[in-house]
Amino acid sequence: MPYINIKVTDTNVTNEQKKLLIEGATELLMNILNKKPETTHVIIDEIPIENWGFNRKQFLGNKK
Amino acid sequence: MPYINIKVTDTNVTNEQKKLLIEGATELLMNILNKKPETTHVIIDEIPIENWGFNRKQFLGNKK
Amino acid sequence: MPYINIKVTDTNVTNEQKKLLIEGATELLMNILNKKPETTHVIIDEIPIENWGFNRKQFLGNKK
Amino acid sequence: MPYINIKVTDTNVTNEQKKLLIEGATELLMNILNKKPETTHVIIDEIPIENWGFNRKQFLGNKK
Amino acid sequence: MPYINIKVTDTNVTNEQKKLLIEGATELLMNILNKKPETTHVIIDEIPIENWGFNRKQFLGNKK
Amino acid sequence: MPYINIKVTDTNVTNEQKKLLIEGATELLMNILNKKPETTHVIIDEIPIENWGFNRKQFLGNKK
């Protein structure tokens, strides 16, 4: 009964990509740990780009 | 000093229901573990329905 | 399909109390939001007391 | 390679304040644990004020 | 710069399986969202089996 | 009423360092967002080094 949380910046993740992330993450747990898909939850959090810091700056700031 | 995080899909949770969730979760910790309400925090995360995967599909996809 | 995470300090939470927390939290979601127990997960994290800070001090430090 | 998550209510946190939080949190880990900024991530979550409960009430409710 | 958190019960996850989970999760983000492995973090939490509730019972309780 | 979660690898974080992290994180929120220390919680999670992946490998694996 795994729970997988994927946090990415909110930069145009399409619905198709969300489907693929959910499928891929669930299958990873099926293949490696024999977990059942019926009890596997995946939550994708899209973090506003200005709320994600990396290397002491807003992700935004790193882009320049 | 407990911290409780409730994640649900963002499907019309009313303000009244949020109040009841906060009250209920705080009282659960008071009753079972004798925790003080003044140090108990509850955070409700409403997850966009297309970002929650279950049984290898978007929650959305399961609805059909 | 809610997910509930309860964080408390690791101060002798008994197995019986864990059962009651899981039951209570699941029923809260059933009663208030009509969520099904079969898709409701509860995770209890017991945090070492010296790793929880509150009011600028280790929880430990507040006990004196 | 630390990961820091800061949750605050969504009450007008300015972009300037976000920058300072990211800088400050990263430097805290550099100064105290010698962590490298290049592998330190900070995520700020702004929680809707009605979704944060404290002392058995919505944060909102405490304000009156 | 994604962050992936995988929560599973603490039932003998081997070091080899941890490596495969980390690799697989990182590659998922590379393949689907073009994220760089150098900024992708994966954290595996192994939750004590009696601390994970599902269907109103400890995971333990469901096993009988 | 902020909540700050600091995740680091479990590599000999001393009690003194934990105190400084808690103090520093609380003061950061006081100084930048005017948050009260009495409602600020800090939780430090020490992640087993083999459970933290970075750049597609266990943190361990990167050390060689």
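In order of appearance the chains are A, B, C, D, E and F, and numbering begins at 1 in each one.
Methods note: a contact is a pair of C-beta atoms (placed from the backbone, for glycine too) under 8 Å apart; a residue touches a chain by one contact, two chains touch by 3 or more.
Fair warning: this is a prediction, and the values are worked out from it, not measured in the lab.
Least step count on the touch graph, subunit C to subunit D: 2. Counting hops only between chains that touch, subunit D reaches subunit E in a minimum of 1.
Chain geometry summary: the mean Cα position of subunit A and that of subunit C are 24 Å apart. Rounded to whole angstrom units, the spacing between the C-alpha centres of subunit C and subunit E is 20.
Among the residues of subunit C, those in touch with two or more other chains are 1, 3, 7, 21, 25, 41, 43, 52, 54. In terms of which chains touch, the assembly is arranged in some other way, matching none of the line, ring, star or all-to-all patterns. Touching chain pairs in this entry, ordered by label, are A-B, A-C, A-D, A-E, B-C, B-D, B-F, C-E, C-F, D-E, D-F, E-F. Residues 7, 47, 50-58, 61 of subunit C touch subunit F in their complex. Subunit D contributes residues 1, 3, 41, 43 to its touches with subunit E in the complex. Listing the residues of subunit B that touch subunit D in their complex gives 15, 18-19, 21-23, 25-27, 37-38, 40-46.
Note for the complex: subunit C touches subunit B at residues 1-9, 13, 17, 20-21, 24-25, 28-29, 31-33, 35, 39, 52, 54, 59.
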